[in-house]
């Protein structure tokens, strides 16, 4: 495995403080290696987005990071904790080291500015010495990279289709050649056809440019196909982490198994769909012990009382008492 | 050249039938259009044939904007149709409002995509369920009993726990169950489910789909299941129809359509679906040329086959002649609207 | 008169912030009252309403009765001093409350009913009806209301409170109608309306039972806005002497005070209280509207909290784009 | 407006010589119109037309019985029947464009008015107008005894050589007025008009005030403020508590003088309404009206000088006309007397309610437009006065048009309103009692007799007065009128019109006063010219 | 463009409606201008003048409504608004052209300042919640609830006086003549300060509030988070992204509240005796001067319409989405 580029250590995120607060991310540790695609899956509300925003300090109020470290190792230079950066440093860090592609491209683009403006904006902020013409040239280059004709430079977001907008966002994310690209459900709003096109393009670009990707979705089958490693989240914790193929073939955590069993497969023999009984937990009234135990078909004694810790088993790890056995 | 107007009827009585159903939404005329004669329209649905049978699920699959919801709303008679026919038990029906509409609604009910939006936030579950019961004839002492029955039927037990709650107090899956219960309250014969699970979480989708299947079996309902997830159609529907840009392009037994797609569009759709068995990185983006395929404009739809601008196998005639339904040899009832399967072409 | 602030904000919920709130509407019913601003506004308004009812009975003097002390400053006998005729200003204020509240509320009701009729039917029925009604209300919207009201009232023979309230109500519904139309349009597209139609509900029932309950906040906010406008208009009309009403209201007090150049005589007690009474009433109504706005738009509500205290007593300021980081002494497990 | 700052002499108060006088009126905005015959012109509404154009004779409203002093006419002789007047026009007057003023100009002016109904605002029944050298002879169809001051002193004389070229003298704005007066128009703006003194050619010694600055203030408040700050040195405006809001700001210099004239304000009672058709009731009402209260509380202690004489004639101006019978008889509040009078004539006082002969409670509606706050206050006072004899009054404030209409139609209970004014008591009594002006209820009585008072005796006496050939006949007619007015009380007189003003002696002295009432002190009166000519710098 | 044409058609229609309304209003008013003039002078003008005034004003009561309406349009189209009665025989158009610039400048400048200032403060308040601007909110709410005229009168009482910098009334120093010179302009500005200030005080809070609320709403949009994620300077995010978008609904709000503003300034003009159209309307009302009344109402309405049109154009320019083809 290559060296880590981003290490999340014991990250905790709350929404609000005091009695009303919700503990959305609980002690999450996760390592992203250089050049890999790390998938992050889980049901709605499991904290995937919160984690993604949290590590870049982009959580909207009343989100508060209540502990942990996010160690970033630049391509050359010493590692540093992103959470300790001053505002100024943080602004410099953003986009040039880590870029984010959000779920809704329509909402991610400012409706009143041309896409060229929004592309060159970044360059103006991060590379102030760059000349106007070279900024434009670079923006045009990025558009070409994601397969959009340069003559769409002066279009406004509403003049582009959903797929094109999403591609503009990807192009924008890569414009500063960041080390890490975080993608929060970048394709859920799109058609399967479009989804495949865009993801295919992204993977190809990753191979060319060598950045790492954190890929968030709740579509596990998509992740299995596109990522190197997968982390499964449940109730604000990582419950399992493993290489994609290993997870697909033989997941350790019952939750992962349930998730995999919820997807009807298009190809191959018709499998029995198991699904997961019950409904996702409420963060305000988290069950004691393993938060999955009320829904877990394999729950047993310790599950209800003791919180399982994520422990490594070779190149994979899981937080489940079953596995501890 | 064999053209079959209808798939061969499998077992089950026909409940609802769409024949050549067409819907064009007029485009708002602009000032400069005042002098031109042409009336522009969105060709949302064109010449759709569909048969719902008792105890069967028909899936309608297609990308966003292909006209799936419009078909459902037309069938529910929420929109007046531009052309074609809707037959309920073989009888042509055209209702817009009043008691005839209510009689129709008692037999054909619809479930909406978004369980968050389809329940009125200001009313309790009790109100939501009482209304169809009252409108469609259950009143008096039976009411409470019927309410309980409804909730039990959708597995919201015990009913008392749910009756006086407001929609926001329920989870997504529970809400969709309430929506289903409301539709059942009218004791319909046909249920039109417009993407009933696409807004739900993966882990609870299955529950709702299983419920629908269960209802189909127990109440002998005819169900139209609209989805953009072709994989779920394979698992859930007996028959699958694929729509593209307002037209049906392929139909047949679900397993056949998903495993041996005939129409290039269906093939593309299935190829694009995530496949965990493909390995990471190995995902090759084979058909770059297919890449920029954007769905066509429905105001000026492409001539001939509407898919031809994106079709890798397009032939000259595809851009001029509108394809008709052609039977595919493999399985009975499997058809595609594609010139590739015209005997003359095959012969070539 | 001032721009009814609330009416400008009404634009906001239309932008779609409405989508969420409705979801939570019920749960927060009590939250509305527990909203500090709304509660303060309601309390003040309650006092005014009370005074409107009992004012004439508890007034120590007949507001028109002449007394011996002319233009006397506040004293034990006359809490707010007297006028040039020795009338008791405090009594005038008390008695005047009723007329102000009456006109404000009646005009508010008239305008609200009209705006609901026009706005909701335009939004729901659509088509030609919508276009006609929209143009109609837009015309009313663009024609400046106050000059129009002034001109119309000056035409009227004997404008009593009823008539004034009607004139104000009939000329000031258009803004709310517009807002309601936009809201109705967005609601109409929501599935629950379609769903109830599919269930077989009648049109009037859909409007009355499906749409209106979801519009209550907007209607209430429009009502409050119109009340503010009506109160200010009524007072303005009385002040500039356009209306001929014989009943006392705060505008009448100001009219007399101004006619007698109260301030030039340093008789501030004659001029100031009525103005403050208006301002306070306006503030109360505005506060209620803030409450409604925050109730309707959860973003605004959470926007209230900008600083939070940690357990260790440190305050942390919320900032968009820079999530605060609080490193706990001992990390949790 | 280049060159020196127009403000240069603003600081004159600090010791330097002041050469201008600021005159203000609370008339709102004005438009550029200097036509002396149009009442709506700026010249008329602010009064500066009299500084530019002069009358034939100068009449002192404060002493109406005195004949007009010679002005452009050096001699004015009326025939005994008051149907002919012989004028001698002075020969030393010139127009401000240098041309001589002649008798032709006088004939031209009056002929123009005679031939132009729109200009004949006094409805003067001209017959012939001829000139003979410096002499002018005018004859009239009726006796001009009661209107002589209008002919002589209210009609400005305009230059023929300019006006004969004007196509419509009634609507021409006369942007560059040429007159015989001591001032010429210097600048005009919406808010302020400046007149500067003529370099030469004025037939009298040039006035000391070099410049007159007229300002039209938006309303009474603004005018009062201007007076208080000294921005305005002379004005005619209603100032509530003038002692406090005006005089006290500079007691040494700020003065107020408000002499009454022959024109009054009073409560017109609708004599067609029962039981107010009963003179006894009206008399009783007359006895309880507290005129002193009204004077101090409603009229700020000066604006409408209190009417003391029961004949309704103002103090000072009216003194000369009071019949012997009523000399010294003044109003006094007499509630007991009124009650007695009422009970004697068949009314009953039931607790606090007066019941008429048929046993119905007596109630009355008082009304006046809302914006007239002094009238409103008056009504409030009257209301409480009436309450003392058991009459329940309500005060209504219809808007002005409605009120106007109703008063003319006779659709009212009682209103405070004015009478016409003039050089004799005739105008007062005519407005109230003239049977010739009587109109049935519902028809518009535009000129007077709003209360529908019907007394053939009074009508005859009015005719006799205006047409009388000698003073004795006039005295008899007047005595009759006064008797009817007093005994029948068709209108309850309250206050007189005043032709006074507020002024400041800080820069200019020589104003008329009680001690020397040489002219009215109202800037819009023709007499204002006489005042300006008498002013002298204060520090000289 | 289509949008623009549509709006234009609407404005034409509204103008027609307003003008027609305008035509009918005075016809419902009882009484006549001659009597009103007599009444205005309360005895200073003898009632003998009535006859001559009728002749002078040329009042002719017996004409068909329709032919009057047609004539009215003919007159209007030739720019003739008739002659004022109070200022007879000055044409109404002349009075309006004298007073309109004052109103336009006072309302125009203060409205724009109020809008800009309020919007600016609103941006601050919405962006930096909890800053000092938030403290301003309750105060401005209270101030905006005060009737304009009351505030104006109190301001006159407290701030003007013999030695005060602020004049209590008028549009310029009365010793001056209107001209574009070094004395008149400063004087006009000096005279407009207090009226402007009261308008500002009572109207600014509306803008602050609506802008603040819009900012709060917009600040949670995804594109704002993206802008932050892009590491753009805060100013750029706040202004170029958040404020720019939050401004849009405010611009249309701005247009629509112009009518209210005009109503309000009318009173300020009355209180400060400002020589604008509002004051003229007030005078015309008192004097039954219906040609003038009609003229003023017409001018006010048309100006509001034009301002609305301008705001529409501004919206068109600011929001690319409305510029969509066709």
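Lettered A, B, C, D and E in written order, each chain numbered from 1.
Just so we're on the same page, a contact is a pair of C-beta atoms (placed from the backbone, for glycine too) under 8 Å apart; a residue touches a chain by one contact, two chains touch by 3 or more.
Chain identities (UniProt): A, B = Dipeptide/oligopeptide/nickel ABC transporter ATP-binding protein; C, E = Peptide ABC transporter permease.
Remember, it's a predicted structure, so these values are computed and weren't measured experimentally.
The chains that touch both chain A and chain D are C, E. In terms of the distance between Cα centroids, chain B is separated most widely from D.
The distance from the centre of chain B to the centre of chain C, each centre being the mean of the chain's C-alpha atoms, comes to 48 Å.
Averaged C-alpha coordinates put the centre of chain A at 33 Å from the centre of chain B. The distance from the centre of chain D to the centre of chain E, with each centre set as the mean of the Cα atoms, comes to 39 Å.
Chain A and chain E have centres, each the mean of its CA atoms, that are 54 Å apart.
Shown for chain C are the residues that touch two or more other chains, namely 154, 157, 242, 258, 264, 306, 318, 320-322. Counting partners per residue, chain E has 29-30, 156, 220, 225, 227-228, 270 as the residues that reach two or more other chains. For chain B, the set of residues touching two or more other chains is empty.
Interface residues of chain A facing chain B in the complex, by the touch rule stated above, are 37, 43-44, 147, 161, 163, 191-193, 195-197, 199-201, 203-204, 207, 218-222, 224-228, 244-245, 248, 258-259, 262-268, 270, 273-277, 279-280. Touching chain E in their complex are the following residues of chain D: 1-2, 5-7, 10, 28-33, 38-40, 117-123, 170-171, 173, 187, 189-192, 194, 213, 215, 217-219, 222, 225-226, 228-231, 263, 265, 371-372, 400-402, 404-405, 408, 418-422, 427, 431, 446-448, 497, 524. Listing the residues of chain D that touch chain C in their complex gives 220-221, 224-225, 228, 239-241, 244-245, 297, 369-371, 373, 376-377, 380-381, 383-384, 394-399, 401-402. Residue ranges of chain B in contact with chain C, taken from their complex: 73, 76, 78, 97, 101-102, 105-106, 109-110, 112-114, 116-123, 131-132, 135-136, 166-169, 179, 182, 185-186. Here chain C touches chain A in the complex through residues 302, 305-306, 308-311, 316, 318-328, 331-333, going by the rule given at the top.
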